[in-house]
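What follows is chain A paired twice: with chain B in the first complex and chain C in the second.
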Partner chain A sequence: MAKTNVRATGGIILPPERRTATGELQQVAWENRIVDTAAVEVPVPAGEPPIWDVETRPQVIGKALPRLDGPIKVSGRADYTYDQLPPGTLYGKIVRSPYPHARIVRLDLERAQAMPGVHAIIRLDEADLQHSSAAAAAAEPGTAVAAHKQNGGASGKRNPLFVGDEIAAVAAETEEQAEDAARAIEVEYEPLPFVADLETARQPTAPRVHAGRNNVRKLPAPRGSNGDRGDIHAGLAAADVRIEGEYRTQVALHNALETHGVVARWETSNQLTVWAATQGIFGVRGDLATFFHLPPHRVRVITNYLGGGFGAKFGAGMPGIVAAWLAREAKAPVKLMYDRKEENLASGNRPSSHQRVRLGAKKDGSLTAIEIISYGTPGTGHGAGVGGMARRAYNCANVRQQEHDVATNLGPAAAFRAPGYPQGAFALEQALDELAERLQMDPLELRLKNYREHPFKALRRQYEIGAERIGWSRRQHWQRGEGAVRRGLGMASACWPTFGGPPATARVTVQPDGTVTLTVGSQDIGGGTRMIAAQVAAEEFGLTPYQVRVELGDTRWELYGPASGGSVTITSIAPVIRAAAWQAQQKLLAALAPGLNVPPEQLKLAGGKLHGAGEPIPFARACARLRQGTISAQADRAANYERNLTDMFGAQFAEVEVDTETGRIRVVKIVAVHDCGRAMNRLLAESQVNGGLIMGLSYALYEERVVDRPTGHVMNPTLDFYKLAGTREIPEIETVILDAIDPRSNNVDAKGLGEPPIVPTAAAIANAAAHALGVRLRELPMTPDRVLNALAALNS
Partner chain B sequence: MRNFEWLEPRTLEEALAALDARSMPLAGGVDLLGELKDHIAAPARVVNLKSLPGLRGVRAERDGLHLGALTSLAELEEHAEIQRHYRALAEAAGSVGTPQIRNQGTLGGNLCQRPRCWYYRSEFHQCLKKGGGICYALAGENKYHAILGGGPAFYAHPSDLAPALIALDARVRIARQEGRRTQYRSLALSEFFRTPAQRLVGGETLLQPHELLVEVMVPPAGESRYLKFRERPSHDWAMAACAAHLRIAGGRVHEARIVLGGVATVPWRSPAAEKAITGLPLEEALSEARLKQAAQAAVEGAQPLRQNWYKITLAQTLVRRAVLAAAGRPIPEV
Partner chain C sequence: MRAYGSGQLLKDVHMKKNKSGHGTISRRGFLQGLGAGAGAAGVLTPGTLAKLPPATQGAASAAVREIELRINGRRRRVRVEPRVTLLDAMRERLRVTGPKRVCDRGECGACTVFLDGRPVYACMVLAVDAAGHAIETVENFGTPKRLTRLQREFVEHDAQQCGFCTPGFVTAATALLRRRPRPSDAEIQSALSGNLCRCGTYPKLLAAVRVASRPARRSQSAASSPGKQHKQR
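Coming up: the complex of A and B.
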């Protein structure tokens, strides 16, 4: 595609307020906020709207505006998947294995089939149901049960591999009937050897989780400037100071408020509609189309509202396949929503980690070596790496990270908000603090010493702002306290790669009544995608976002949008929305110009009015002049103007109190400073950071999946036993968003923000606790028993 | 949950007559509904007590408080007389669950609630408490379990009201139906609970299936506090708790009650800890040495499991702080 080089200025826009010497927040003039500017040549593809840079001040984008779906959500009118109940809907229920590894000796459906209200029963103990379409697939409705009757309930082909693994499923007229019928299915198991913990699974004599495969699998190690590099031995040998430490992190559970689930309805024998609790409607569509051998357009996936996903809701998954399969068998719509226990046994988790860290540094603090060797368990799944912090965040010539997945007979892992990064940060950022102690350096100074330069990187400013707002200078004359309660200050950094880009498609239409409709193939995971989409379109039409109609969360428009994961949503869709809106606006002005006897270039939309032809005309009245009907424009996401974009960064600072007689860590305050390129909506951006760091705090202090090793059972699959931080655990939070404008990124300078805020929180709290206690807590979560044990070990 | 017969008695007599080994009484339902849904309990009949007359409310009389068993935890927490003169009780009631649970949960239900042990709550684990052969906590995950009064089972007693009310010398009134006559008996709350060695299946109290706890009486009290340590303050059972009740006159501790919660299979009163500070001038009783002595006495005989050694330290901290707090001294927030 033809490209034009455009000269543009990037830079950092500091937050609108700054602390004065007395600590008060004071407004800062726009001109004084722009710092660290640099001009760059940007190759812009043809068809893109005019480029923005650090001087551009959009009218709608960036403002702290309340989300347009707020009222409908808080009043209970937003229709989530959980709320869908088409007429005649049956309820689905899955029968799950009570054993962590077993052979199914006998599976008898007879008694269950005779239960009242039962319409369909299917077996799920077939080979690799999730990944092949062989099982139900081409079978005609009704044949799965019939086939099962024929073979007299012979033993299944797939052995359950964890407690909660799927065995069979029923559809019945009420939830209670479905549960009763599920319990009436008789399954005889022959328990087989299993392993339910990381340490045992690593032993060569341990039972194998996957037949014919070692439990321990080494993960591929990328090389290059963001991968392994240099010579670790030389780096360690060249060091004046070396430190070594071991760190452990727990398995954490996603626990989105809305559980996994799907409502499936067959419109005809080859036309399927599903409402799915998903963060990727096109992924669900693809999986179901493959499974049922349908062209993708024969499957419609709808997600109007989603009650959280956090990485565990990609693809149709078991709920999608089972609900659609049951619906096909029963010839009626089926609703299958997981209960909290199922959610916490079989819908994903953040893998654990056991990390050994070695750092080497010169006397001046400059790093000569970073080495991480990690083992983590993703259960029967994969993905227990510890993220990219060690390879990406700091300036160090010799880096080696060896990561291993260790299979266990527990539910499979799923992506979980910044996969690997919070684990990695917990170890690396504590090791850096330990190194700073050894060097008698300020921890922040050590990080600045190893600062890695990137174009338009905001981290140095983020450190400055965070330090100022937490009062980091107090650390020089710090009073830990003499009594039972000790105080500490700590910090940690975050980074996350910029992943967003094509493909994504958006369409904008303008009707003669002034209705502007934006259609985009994304879904709103909950962070406010709908609102930001409206803001971007509104910007081009000089309207408020509340005047824009947004259609999303539906595959029927055939406008592809990416799954909401990897912090890509806004980065991917905001630029294509702007492109479509800009094109539609150009077409609108061109259509109106002749009737107004002005050239289109003279016309401008602003403040809800059309300017440039005498007295400003209200937008709707201007549109009424469109006698011919609809104006429309559709655009595909152009590639990012530059391929290798700077990561998103962030810094969090924590002040804690630790009661040395009870072991309680109380977080007093967290200051979080982050960037997402240009913030699209300051209020939503702050909410995103608040949510991320609260999740990080909960991970740091409370959450842990507890497994009974002798039986392989998760002992805390419910929310009374699995402890999520509640209102009393939330500290004072000061969130600061600054803009890191990189004109080489895309036409709105957008980057992501979903993931970075959870990355450094546990590490910052751990560093603050170590500062308070004089002893380092190397295991998550940092619960009272662990604090008391660490203090006891120190005193003995 | 399994289907059951639902009974709505209009009088206490009808309710008592309907109770037997196959039926269960329902008050607030906070605990029972969880047990039914988790398939831990499967009664043939559920007897709804909520509409029974005369079992709800707080009466302050000359001989002390009379508390109906159906009184909500929220009412106990907010009652002015209780806040003023029975602070440990108000604090214990206010520390239970969440506001929704305190609106729904009752005094009687809190005293009779079943253990929160996750093996007990798991349908798969046929543990001693459910008539099975082993206590899974011994070799399993026992961070939250008992360090005192254990064997053969090791759950921690979950009630917050029980330690506070025992410290306040409360008595309970129990009703049973014999023919056409309703019989009552009353006993000290400290006698009400049963260790697993005394009773393994069917409950943690001496209540028989055909009996109901109908009233709790609390005599006029001295200075009392209830300190509860929750791993997650927003909503949690006690990792450890301590109720302290002091009668102080003329600058001297005349009487002391110290009762631990969350660390034993029953609410754990410690006469030895009480003795360590009883009869002493207040300042001496509150001295570091005496408090330490009381704290050590309170956990004497503790037999921690693999993951709950920390409870020894935690319980001692709470004993020291609860006594100080009862005497009106400032303490760090727990």
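Coming up: the complex of A and C.
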């Protein structure tokens, strides 16, 4: 595609207020908020709207505006998948294995078939479908189905590989009848050897989880500037100081409040409609089309609202395939929503990690070596790496990260908000603090010493702001406290690669009554995609976002959009929405100009009015001049202007109190400073950051999947025993969003924000706890028993 | 123990409808044995034990009953087995879907409704026990175009992300403000501690409740508020 080089200025825009030395808020003039600017030549593809840079001040984008579907949500009227109930709906229920590994000797459906209300029963042990687990864990959405028997054995049957693995499924008229029938399915199992913990699974003599494969699998190691590089031995040898430490993190469970599930209805024998609790409607469509041998347009996937998605809801997965299959067998719609226990056994989790970290540094703090060797269990799935912090975040010539998946007979892992990164940060950021202690350096100074320069990177400013707002300078004369309660200050950094780009498509139409409709193939998983989409369109038409009608969450428009994962949604769709809206606006002005006897260039839309032809004309009245004509424009996402964009960064600072008698850690305050390129909506961005760090706090202090090793059963698959942070656990939180405007990225300078805020939280709390206690907590979650054990070890 | 247990509404110990495939005394039944909300010593007295029905789980399907539920001022007739919860009767039979099913065992508050003016977890009440009582759900507070003050503050503060916990929080907070129009911050935290949010919206929903309990602020201009939006799907 033809490209034109455009000169544009990028830079950092500081938050609109700042604190003075005495702590008062001070409004900062716009001009003074722009810092660290640099001009660049940007190769802009043909057809793109005018480029924005750091001086551009959009009217709607960037404002703190409440989301437009708020009123629907707070009044209980948002219709989630769980709320769908087409007439004549049957309820699906899955029979699950009570054994962590077994052979099915006999499966008898007869008694169940005779149960009241039963319309269909299907066997899942014979199904030629890839294990749901692997599907859920698949890095790429849309790969839930593969035409091979993953775990066949001589019988051609699929052996259950974890407690909760799928055996059969039933559809009945009520949920209670479905449960009764599921219990009436007789299954005789021959239990087989299994392994339900990482340490045992690593032993050469351990039972193999996947036939013919070692339990331990080394993950591929990328090379290059964001991969392994240099010579680790030389780096360690060149160091004046070396430190080494072991860290462990737990398996955590997603627990999105709306469980996985699908409501499936066959309109005809070859036309399927599903409502899916999914982060990616097109992935679900692709999987179902493949499984049922249908052209994709014969499958319609709808997700009006999703009750939370944190990485485990990609593809049709087992609920999608089973619901649609049962619906076909029963010739009636089927609703299959996982209950909380199923959700926590079989729909995904964050893998554990056991990491050994070695750092080497010169006396001045400059890093000479970073080495991470990690083992983690993704259960029967994969993806237990510890993320890219060690390779991406700091300036170090010699980096080596060896990661291993260790298979166990437990529910499969799935992507979980910043996969690997919180685990990796927990180890790396603590090791850095330990190094700082050894060098008698301030931890923040050590990080600045190893600062890695990138164009338009905001981290240095983020450190400054965070340090100021938490009162980092107090650390120089810190009083831990004399009594039982000790106080500490800690911090940690975050990074996350910038993803997002083509393909994505959007369409904007303008009707003569002034209705502007934006249609985009995305879904709103809770981050506020619907609102940001409306803002981007509104910007081009000089309207408020509440005047834009947004259609998303439906494949029937055939406008592709990416799955919402990896912090790609806004990065992918906001630029294409702007392109479509800009084109539609240009067409609208061209259509109106002749009737107004002015050239189109003279017309301008702003403040809900058309300007440039005498008295400003209200938007709807101007559109009425279209008579019956409809203006529409459709755009495809242009490539990012340049590849290899700067990561998103962030810094979090934590102040904690630790009760040395009870072992309880109380987080007093967290300051989180992040960027997402140009923040599209400050209110929503804040919510996203709050959400990430609260999830990180919950991960740090409370959450842990507990497994009974002798039986392979999860002991806390429900919310009464799996502890999540609630209102009483929330500290004072100060969230600061900077704009790091990188004009090389896309036409709205958008980057992602979903993942980064969870990355550093556990590490920052751990560093603060270590500062308070004088002893380091190297295992998550940092529960009172672990705190007391660490103190006991210190005193003995 | 959560701030708003519902077990105290029930007169007897019930078997939970069994979702896990194991015939056990339900937690909701067990809570009743304790007298939920009281924080009393966790013992089953001989008296409560005597009331336990025999463990005949799978055979329960027989006794479908027609009952009348009074939901948001409307009388609705519904046929349910005795093991069906109020939540499931509302959601799956009467299409009252504001209250959400999340934990299904009285931990998360997403299904909170008013029963005779008191907030309860609808997943912890059997439908047959709710018959004849006045039930009020989030749908009854305000409509998208005519929100209550509290709901407006939820919107203005962005006190919802995915929104799945929101009906429960709105209901629990409405209950608090009906009971205590000017709660302290600690009272707000405590009153909402029986509800869970996984998107981490707590700071904003605490702020929304705090502001809603204070005298009204300047009114928002229509342009900066989603009050006049198009109907959204």
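Keep in mind that, in the parts below, the second predicted complex is superposed on the first by the 766 of 796 C-alpha atoms of A that agree within 3 Å, B and C clash if a C-alpha of one lies under 4 Å from a C-alpha of the other, contacts with A are read in each partner's own complex, and residues count from 1 in each chain.
Here is the rule we use: a residue touches a chain if its C-beta (ideal position, glycine included) is under 8 Å from a C-beta of that chain, and two chains touch if they have at least 3 such contacts.
Small disclaimer: the values here were computed from a predicted structure and weren't measured.
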In the superposed arrangement, does chain B or chain C reach more residues of chain A?
C
Contacts for A:175 in the overlay, against chain B (first) and chain C (second): which applies, first, second, both or neither?
second
Should A:692 be classified as contacting the first partner (chain B), the second (chain C), both, or neither?
second
Contacts for A:255 in the overlay, against chain B (first) and chain C (second): which applies, first, second, both or neither?
second
Looking at A:237 after the superposition, I want to know if it touches chain B, chain C, both of them or none. Which is it: first, second, both, neither?
neither
Touched partner set for A:484, first chain B, second chain C, both or neither
first
Between chain B (first) and chain C (second), which does A:733 come into contact with in this model arrangement: first, second, both, or neither?
second
Considering only touches as defined above, state whether A:70 meets chain B (first), chain C (second), both or neither.
second
Touch test for A:709: chain B only (first), chain C only (second), both, or neither?
first
I'd like to check the shared interface: which positions of chain A are touched by both chain B and chain C across the two complexes?
720, 724-728
Could you pull out which chain A residues touch chain B in their complex?
98, 163, 483-485, 659, 661-664, 702, 706-711, 713, 715-716, 720-721, 723-729, 783-785, 788-789, 792
Of all residues in chain C, which touch chain A in the complex?
17-21, 27, 58, 60-61, 81, 83-84, 88, 91-92, 95, 97-108, 110, 137-139, 141-145, 147, 151, 154-167, 170, 188-190, 192-193, 195-204, 206, 223-230, 232-233
Chain C partner contacts - residues on chain A that touch it in the complex:
65-80, 82-83, 85, 91, 116, 174-177, 179-180, 182-184, 255-259, 304-310, 337, 339-341, 515, 525-528, 530, 544, 546-551, 553, 608, 683-684, 686-688, 690-695, 718-720, 724-728, 730, 733
The answer for chain B against chain A in the complex is residues 116, 118-119, 121-122, 124-125, 136, 139-141, 143, 229, 231-236, 239, 307-310, 313-314, 317-318, 332, 334
